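You will see chain A twice below: alongside chain B first, and alongside chain C after that.
The block that comes next holds the complex of A and B.
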């Protein structure tokens, strides 16, 4: 093979021609997304369906969703390096790759959303330290740097780079320093995941999103951290299963996936319970304030079904499926539970941004619906295609899965 | 934002927020540079032969 010298020893990969064709095919939606991004930067945000009613739309909802799904990186790193669950060394590399993609995607979408990326540095230089969004910007930027450092040893372990003594030694020492780096990542992640929830929770002019809380942090701050910890490992499992499907081989042992699924099940159960308590508390709060609860669910498409779907179908059901050993060990059911869990978190982020903005707050306000246009969809999906290319390159040239050789002898 | 920026105010909010941020960045900077120095030290002193087990 043309690139066989770069492929890790003892593993089988498809032909370079097949790989190259797939990468080329993925460049088609990448080009469409790039054109849409250039339209936004060149002709301004009037190219989208964002307006004064919906300054936050698909981009911000997707951003919040991607960051929650990428939470698998910090939480798996925490479990592996801080709690020291040794079995997770077989999946932590892949969690890092997924995390890098998710956080790069979130920053890419934000770069389009701010309209003038040339002024992106303003938030860092003219920081309002009382703003939840400032905290998010600082922590996401810093955590992305942490993820890049965590990805670095993987790059250095490429077969050709690893021949040289300095990169080899550097990778070795980075592995040794990983508990410190992972702890910094956990510190940053907890704050930005929480602050994303805090953004909605402090909106006292939006009773649908507003929550009471502890000191300066509304309850949504803690719910967002917990939900990211609960669904992040499920997203890692899901992407691993998708990679195994396309690679047509097992890459991670069932026992390793089982540990992540079990932890995710426990955390999802706790999250759903706290979410139910939070919702019931909010019912009481708005009733006390004189706003009937049903008024928040009076406008379609945001009826009562949204609450049932988020808490029961995409919350309690996957939690029970992951918690039960029998269902967790059945692969199709495990995949279904992971899909439901991840969909639930993305739906929660959509509700906390778009639905919160859609509900009228003044007597003279009218309900206005929001549907993203093709420019928003193309730019939002752009990181998905770029992420697929990064995964393909990483899987082909880097030793991401330590158990691959053992599971697929040839 | 640095303490010499004109918007800087000497209050607990600025110290806690920016302190936390620089603590995290400083920790990362020290950890990476420590690894770089160790790698260079290995190369200079031992020729890097001790890390072939990876």
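The block that comes next holds the complex of A and C.
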């Protein structure tokens, strides 16, 4: 094969031509997304369907969703290096790759979303310490750097690079330092996951989003951390399964996936319980303020079904499926549970951003609906395609899955 | 500096005297003519697009007049026009902060404790729009387009107000540049106090029905001081705790109910166009 010298020893990969064609095909949506991004930068945000009623739309909801899904990186790192669950070394590399993609994607989307991208650095230079968004920006930036440091040893382990003593020794030292790096990552992640929850929770002018809380942190701060911990591992499992599907082979042992699924099940159950308590508490809060709860669910498409869908169908059901050993060990059901869990978190982020803005606040406000246009969709999906290319490159040339050789001897 | 500050609710804080500029709008007088909106746009160099004239979701209005109705059938139908500038919220109690100010990640908006005016620094704003999400009154608008005026109209722009570039958030400033001008005049005349008639917003002066009254809410010598205390006075979304500095008065009970609670409890049946 043309690139066989770069492929890790003892593993099989498809032909270079096949690989190249797939990468080329993925460049089509990448190109469409890039054109959409250039339209936004060149002609301003009037190219989208965002408006003065919906300053936040698909982009911000997707941003929050991506960061939650990428939470598998910090949480798996925490379980592997801080709690020291040794089996997870077989999936932690992949969790890191997924994390890098998710966090890079979130920053990329934000760069398109802001009205003056050239001034993006103002958030660091003129930082307002009271703003949740400032905390988010600092922690995401710092954690992205941590993720890059975690990804670096993987890159250095490429067969051709690993031949040289300096990168080999550097990679070794990075591995040694990984528990510390992972612990820093956990600290940073907890803050920005929480702050993303705080972004909506502190909006006391928006009764749908506003929550009371503990000290300066609204309850959504803690719910967002927990939900990211609960769904992140599910996303890691899901992407692993998709990779296995395309690679047509097992890459991670069932027992390893089982550990993540079990932990995710426990955390999702806890999250759903707390979410129900939070929702009931919020019912009381708005009722006390003089607003009937039903008025928040009076406008379609944001009716009661949204709450049922989020908490029961995309919350309680996957939680139970993941908790139960029998269903967890059944692969199709496991995949279904992971899909539901991830969809639930993305839906929650949409609700806390877009739905929160859609609910009229002034009594004479008119309900206005919002639908993203192709520019927003193309730019939001852009990281998905770029991420797929990064995964394909990483899988092909880096020893990401330590169990691959054992599971696929040839 | 000869004049001492009034002996009202205002007080000395730090080095300066504290004012709380605000408005009282008599909704029984408002005819919905829109002169306040036009005056505001002309005074503050607010760009407009011919294509978007009727699109209230993308059009930039610092002052917007809502038309609300009691929802009744003839002969019980009644309508009311409600001008809505920025509320210049102060916040109080548990929410001791302006909703839009604390959320801004780059300190591009500020609550001035000497004037009670919420400012917007256009050259600092990078367009994240978090402040828009925080404001329940839809006061803040985003520049979705490059600012453009019909040919020749650039010659008529107000030199005291800088036009805003695309991609930033803007909002009513209570014509702050007029306060600066009034202050300069007062200083040149060796006065500290700005007289009530020296600082009036463009919308106040443009209203043909005299529905808008503007002044220092803490100064007993200003008309707004007494007007805000009238039994028919109320504020929008009082229950949220935003503590706005724009008051409304109306002798009609349904109008008062329609504005001081949110999401339809007492205002049910109220519609707007």
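By our rule, the second predicted complex is superposed on the first by the 410 of 410 C-alpha atoms of A that agree within 3 Å, B and C clash if a C-alpha of one lies under 4 Å from a C-alpha of the other, contacts with A are read in each partner's own complex, and residues count from 1 in each chain.
One rule holds for everything that comes next: a residue touches a chain if its C-beta (ideal position, glycine included) is under 8 Å from a C-beta of that chain, and two chains touch if they have at least 3 such contacts.
Note that the coordinates shown come from a computational prediction; the quantities given were computed from them, not determined experimentally.
Student: Please name the chain, chain B or chain C, that touches the greater number of residues in chain A.
Tutor: Partner touching more chain A residues in the overlay: C.
Student: One more residue to check, A:168. First (chain B), second (chain C), both or neither?
Tutor: Once the two structures are laid over each other on A, A:168 reaches chain B alone.
Student: Considering only the touch criterion stated at the top, classify A:127 as touching first (chain B), second (chain C), both, or neither.
Tutor: So A:127 meets both chain B and chain C here.
Student: So in the superposed three-chain picture, is A:361 touching just chain B, just chain C, both, or none of them (first/second/both/neither)?
Tutor: Second partner only, chain C.
Student: Per the contact definition in the header, classify A:146: touching chain B only (first), chain C only (second), both, or neither.
Tutor: Touch partner of A:146: chain B, not chain C.
Student: Considering only touches as defined above, state whether A:44 meets chain B (first), chain C (second), both or neither.
Tutor: It touches chain C, and chain B stays clear.
Student: Is A:177 in contact with chain B, with chain C, with both, or with neither (first, second, both, neither)?
Tutor: A:177: touches chain B, not chain C.
Student: Of the two partner chains, chain B (first) and chain C (second), which one does A:207 touch, if any: first, second, both, or neither?
Tutor: Once the two structures are laid over each other on A, A:207 reaches chain C alone.
Student: Looking at A:295 after the superposition, I want to know if it touches chain B, chain C, both of them or none. Which is it: first, second, both, neither?
Tutor: Second partner only, chain C.
Student: With both complexes overlaid on chain A, does A:392 touch chain B (first), chain C (second), both or neither?
Tutor: Neither chain B nor chain C is touched by A:392.
Student: Does any part of chain A touch chain B in one structure and chain C in the other, and if so which residues?
Tutor: 125-127, 130, 134
Student: Can you list the residues on chain A that touch chain C in the complex?
Tutor: Interface residues on chain A, with respect to chain C: 44-46, 50-53, 55-56, 113-117, 119-120, 122-123, 125-128, 130-134, 137, 199, 202-207, 286, 289-292, 295-296, 298, 353, 356-357, 359-366, 368.
Student: How about chain C: which of its residues touch chain A in the complex?
Tutor: Contacts found on chain C: 56-58, 66, 68, 82, 95, 97, 99, 102-108, 124-130, 132-138, 140-146, 165-169, 236-237, 239-242, 258-259, 261-267, 270-272.
Student: Under the touch definition given earlier, write down the residues of chain B that touch chain A in their complex.
Tutor: Checking each residue of chain B against chain A gives 1, 5, 7, 13-14, 17-18, 20-21, 24-25, 27-28, 31-32, 34-36, 38-40, 42-43, 47-52, 54.
Student: Going by the contact rule at the top, pick out the chain A residues touching chain B in the complex.
Tutor: Result: residues 124-127, 129-130, 134-135, 138-139, 142, 145-146, 149, 157, 162, 165-174, 176-177, 180-181, 184, 187-188, 191 of chain A touch chain B.
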